[in-house]
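Got some structures for you, see below.
Here come two complexes built around subunit A, the first alongside subunit B, the second alongside subunit C.
== the complex of A and B ==
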């Protein structure tokens, strides 16, 4: 667990088709945007090296996935070993917001993570650049309702972003990286420690100050 | 059939006569030569020394014509008591060197291809291939002019047995039946229209339907020159497509047929290059042969050790690794030009060669730009292969009106349009249409200023994208169990780009979806099945690569998911996609040739893949293959792999003697040309389209 060690962090982006998963990844990794990214089929990933906190170098491996539900069953092939899961919705599409819970549940079923109770999730509402008139009415209320009640009341960090105008993308991924790193260290500790009775002790949460988004 | 008296030296015994047999030396009917196909023998010869001859009627006098006709119809003449049976003894036909007559001893015949009358070809014909690798002039059976054929047909009609074993009756069937009664005749397993005459065990093993003509010209037949005249050449190209063995690769390595491929390769210094940036064919095939050998040595995963070692022995021992025939059939031909394409259709626009011949030609060469549209409509069976131009025009109209009817169903139905499921599906379609192949010129324009209302996905102003939307919404109605699923817009766009007319594109797409439906099932079972089959195929064919993928936790072949779902469209360019799909549409060897393309990609990248360490490495590598894929060598490789696969399977099924080995069902299925069709179950109440 030396901080010098180069760490690979696996991040999975989930959410309904068309919410902007590919765009978020592309904006973060390559700083570019297009309206015309093709619908993702199967899965693909990009990697980016970043430095967080105390000069720790990590490599983020960001997995972009297909949004149509029937393709979820493939997740079992690549969710394995994930360190963080990003749940995305489109701020102009209420259905995509309502589906966050099932994306989370599906992820937990298929990834078989060791700590489903406190596995790090983060919520991203994308497309805030769009005209307010198009946005989900009383979004804040609905969002709180979902994060507090349906997503288990764990106060997942929430970011509102625009992949198009590059708003909040960088900061969201910074938080993602921190959360993923914690999870990775937890996993590493668990695998080192055969007798994992101090599993519960390491229940360190990222402080739920909902880094950076001010919502 | 035995002669009743001793034959004199100038006499022959006519064993078989068929009237109404023609040579067609040119496309013009007036050049046709009417004559008889006869089999005869002279005194004291064995059956193998029976002679086959084509003799023009013009070379016979009246007496002989009558005799020939009598023998032709002898089976139908009621022999009255007291009346002498038809005499089969006639005088020996004069010179055999006359330009339009030819003869050959049966023992010199290697094979005969029987091409029954087909919708595009009014007269059936046979092509005789000699032991020396020559082809004799094609003989056409004018069934409507042959007394015996007409009589026989009548009799069969009367007895309601027009179809014997599902075989269409035509003049040459009598000939084949007779041949079978005098010599050993075996149907070729590779090309069922071809019958091998008194085949040697080697011929049978190689399944080679044609003998390869040796390089050195031997003056073996009197009419060798006859064949080489220009007018025969024309006929030959049109009529013997499937027999096409002449191509650059063959010409260079066709020394002797059964020889291990690497020997041939090593003794031939100059084999053509396949593609610019690819190894020369020599190195390529040598590597391949080497690889095949290694693989064969290791293939044990799916078979018992004993059987597999037997097969390995067979594959790497004295026997050929690839038969000559296999190599011959694997060189890519040129694209079919408009002129060539048109020559395959008669004046009424009906196909005049067999469907298989045309498919073989498309499979091995592809269609040039200007005929792709029509070709695809045939390949996707929007137009029946046997239709005429006029029938196609009528069809066009009925397609157009039935498409409009389908469309009205959703356009005019307000209840449906307010249904949640329907709105979801429409939204899904529009979202995907807006991001389908937008890099293509045709789909680039938005038609309105950027930012106008770019978040309203229903606002599709590009006319072509709009038509694709209409097609997909209509399909969503048309196949309501399945509906629209992501990936379908990718399958539609090449069809749209080539065909353009909305209603025809719709039917082309709907037909394409018959075979692709299995890729989109809610429970993904169709995709899983294909991945499992590819997995087994990989174990069977390239076991060491499979073992490596096992180390990378990649044996689920998840990295092939995208390729299989939309037939490699995301890996290769749009133009390449069109060429590839055209090959896949033919179902020439198997309806699942896409799995062999997948296998070929893995095989081609084997060295690189062996360097990869884990799941994510593999998926990255395969996802990014893109521009490195060159189609022509890939097609050659996939075809070789298929033939190799088929051969391996036949070795297994032949070694039935001791151990029982039943070939895996999935692998067995790969030999079928029939589409694998899996339909979606009805959607449950309240179930979404996701």
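== the complex of A and C ==
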């Protein structure tokens, strides 16, 4: 491998519509926050280069996704190859918290990751800037119920953030990057093995044209 | 030529394998710095994107793989050269070189990949590259491949489009719009490809592909944002209004495609901020919406737009004074739409109007009902229903605002709401649902109904509930599916739901409350709702009149305290009230006479309290009429234990007790009126069917002939005796105090007297003082001889009972009554009389015991036919003896503590 080449880490942000996925990404990548709500159409990514573990340079490719199903009409092929998945909820919206498990399950089904048992996820509760009175009642307890459940629970690091006031966003993504890097290294090691087998198996197809037109 | 799902999956898998394989080869070539070799493999995996046989979703999968692999090439190229200068030259060359690639798809993807890598380098001919790439893309006219290719262009150029100045911005926007227009064309064209039988399939594919087209609009919105962030003076709103909105909407209108229009307008609404929407609202509604595909459901778009306004209402984007203007824009659009297409389906009307209602309800000025009125006015004048389902849609329009009601005023001001409500009058079920929702809301608010206009504003919605017939049977009721209650001797079935509704109407009646200081206004309002609403169904007044009358009576009492000397007013009030009760009686005498009797007695007592003796006398007479007409012979269902004086009796007996209880509280009837009434009730009592009822009624009547001062209302003097003798002097204040203290006790006393409780020890203690000091000061109706007559009469009746055990029980009850009479100071009930009665009881007990002993022997001798009976009689005797002993113990206590009954023999 070329020593100059930076490691590319693919991160997927999931969660219900309106929890602030785009805002988190915008705050982290561009240090911007907008009050205007715009639905995300399809999926879109931003990249940011950061240094982790003091000297390791990585490029984070952060995929922001549409929370509304009607804006995800082409499916979720972009889940493939992810190195880390961020599950977002809104601390003022209990439903968004309860939906985290289904977002996780959907991710594992669609992304086809090789190690679903220990694939790196992290949980982000956004909008902690909002007045306490509007927050989910006894949030910590409910969050514990969801994250500390031994069977199929979301036993992952939890960050409470404010994309608006830029609280905890940086540190959350730092952890995301570290987790993603581990996963990437694991995958790279595995795929080298796989590719070696695969090279021989597929040679027969090499020159066959697969029915495209010549336009 | 349709492929099966499995075939497609296989093709997809082959594509994926090829791409991965070629991509790996490219990677290792790049690691070895063999660029041309790598490009060859790159071209190979790009060839997979030429496939015709994949669904859009599958194509997207391989596109993503390709996208990632091309990313590897791109990052190699960025780091590929040492100096910027040489890198720039190198990339420019490379951009040229790949144009010689054989197939157009791989060629263009590589061009875009290298071109955009080049653009990222400082000093690159960005605008030329943009122009070139977008031009080249015209070369792919296959819809799916073209869409993805252009999507790639848009993804890769993101963050690279220049916006250093307005001219840059213009170029970038033009670039994006041009890409958008071309993608839209490809997308629309896809619909018309292939055989017409595949139309549905094409439509489905297009729906999946839509986000590719929409992504261009997202980019547009982003670049305008970015430019605005960098340039404070720039007016993004104007820019959007002048440069973006007209072009993209024209494209949307021109394509005349149903799906494209629906989706893209949705995206425009979602993606551009609310401030932009406000600026272009007029154009969007009148120039765009009105020119869309005639079959397109505008209501969905309107709903999205209105929802956006509602969601932003907290952010105060629209000021209070601008709200009407906003509404008017929507409204004039709606009127224009109607004019343009008079055949809009009912459902579409309903949905549009729902959106407008929601919009008005979201406004900050919640007291402004002009908009809602306008909507309901239009709806009631122009909409006609042709089926039940239409009416259900009207229902949706009506139910919407109720939850927003904050006061009765709302209903008051929403005049046209009622007109529209009347449009569904053929569907009573729907009307009922709305009315119940309104009632629930009003009860939640709990605001009083002060005047007739408010009453009318509400009761017109209640009429449908007031008139509802409970006796109408339906299958569900018959089969017992709906829970029902049997009433009127099982002749009638009513549902729990019906009762609950009637209860709610009563709760609304309780809300009628005018000025607290002027009860007559409330009274006249109560009369008003009776005449105008409640008696519209005489069948149902049984549920509402008791509440109405009770409230009316209460208000009359208050009025009497406010204006004690305005006898004319008070009398006429009671006369009106009596008309209401008469109406009630004449319609429901068959099954509800008991209830009406109680109501009359309440009225009589209140009239007496207000010293309206002519009224209370008349009402008591009416009471006897009801008794004779309907209660005298009515029986009560179920078993009545004759030995238990507390378990009640026949309806007739209970009615007599009620009358006694009421009469005993009167203090202001004329003496001759009072005597006439108590004689009458005693007479009726003695004519009851059963001996035990007669006996008990008569000994209870004895109370009516001997008033006790502790039963008097606080500080009030009876006037019944005034007619003949004037009181000697006014009560002393000290006496009044005594009376006050004992008022609480007196109520207990009444009950105990009537029901022959034994333990009135407490009362007796206090009574002694009162007796001694007060007797001369307050004139009390007392006729000891009559009391004795009553007690004698009841003794005779008890003696004539065939059942010796019942006789015995009644004797002891009478003994208790006599003890109380004696304590109350009736000298005629002296120790001799009491001793005689005690001896009589003892003799009876002895006889019965002897008899039972004989019977026991018989039982032992094997004659056990009547065993069960015997046991019952033993129990009865035991109970009687217990009761008698308690009475004797009471006398003993009284002897020791109070010095009473000294000569009464209790051993």
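What we mean here is this: the second predicted complex is superposed on the first by the 174 of 215 C-alpha atoms of A that agree within 3 Å, B and C clash if a C-alpha of one lies under 4 Å from a C-alpha of the other, contacts with A are read in each partner's own complex, and residues count from 1 in each chain.
Just so it is clear, a residue touches a chain if its C-beta (ideal position, glycine included) is under 8 Å from a C-beta of that chain, and two chains touch if they have at least 3 such contacts.
Remember, predicted model here, so these are calculated numbers, not experimental data.
A.B. asks: Thinking of the overlay built on chain A, is A:77 touched by subunit B (first), by subunit C (second), by both, or by neither?
C.D. replies: It touches subunit B and subunit C both.
A.B. asks: In the superposed arrangement, does A:182 touch subunit B (first), subunit C (second), both or neither?
C.D. replies: Neither partner.
A.B. asks: Is A:130 touching the first partner subunit B, the second partner subunit C, both, or neither of them?
C.D. replies: Touch partner of A:130: subunit B, not subunit C.
A.B. asks: Is A:110 in contact with subunit B, with subunit C, with both, or with neither (first, second, both, neither)?
C.D. replies: A:110 contacts neither subunit B nor subunit C.
A.B. asks: Who does A:6 touch here: subunit B (first), subunit C (second), both, or neither?
C.D. replies: Only subunit C; A:6 stays clear of subunit B.
A.B. asks: Per the contact definition in the header, classify A:17: touching subunit B only (first), subunit C only (second), both, or neither.
C.D. replies: Once the two structures are laid over each other on A, A:17 reaches subunit B alone.
A.B. asks: Examine A:42 and indicate which partner it touches, taking first as subunit B and second as subunit C; both and neither are also allowed.
C.D. replies: Both partners, subunit B and subunit C.
A.B. asks: Which of the two partners, first being subunit B and second being subunit C, lies in contact with A:32: first, second, both, or neither?
C.D. replies: The answer is second: A:32 touches subunit C but not subunit B.
A.B. asks: Which partner, subunit B or subunit C, touches the larger number of subunit A residues?
C.D. replies: C
A.B. asks: Find the residues of subunit A that appear in the contact set with subunit B and again in the contact set with subunit C.
C.D. replies: Residues common to the subunit A contacts of subunit C and of subunit B are 35-39, 41-42, 44, 66, 71, 73-74, 77-78, listed in rising order.
A.B. asks: Which of the residues in subunit A come into contact with subunit C in the complex?
C.D. replies: These residues of subunit A touch subunit C: 1-2, 4-6, 8, 32, 34-42, 44, 46, 59, 66, 71-75, 77-78, 80-81, 195, 198-199, 202, 205-206, 209-215.
A.B. asks: Give every residue of subunit C touching subunit A within the complex, in rising order.
C.D. replies: It comes out as residues 11, 14-15, 17-18, 20-21, 24, 30-31, 47-53, 56-57, 60-61, 63-65, 68, 71, 75-76, 79, 103-105, 140-142, 145, 155, 158-159, 207-212, 214-215, 217-218, 221, 225, 229, 267, 270-274, 311-312, 315.
A.B. asks: Hey, which residues of subunit B end up touching subunit A in the complex?
C.D. replies: Subunit B residues touching subunit A: 424, 428, 431-432, 434-439, 454-455, 485-487, 489-490, 520-524, 556, 558, 561-562, 565-566, 570, 615-616, 619-620, 623, 688, 690.
A.B. asks: List the residues on subunit A that touch subunit B in their complex, please.
C.D. replies: 17-18, 35-39, 41-45, 61, 66-71, 73-74, 77-78, 92, 95, 127, 130-131, 134
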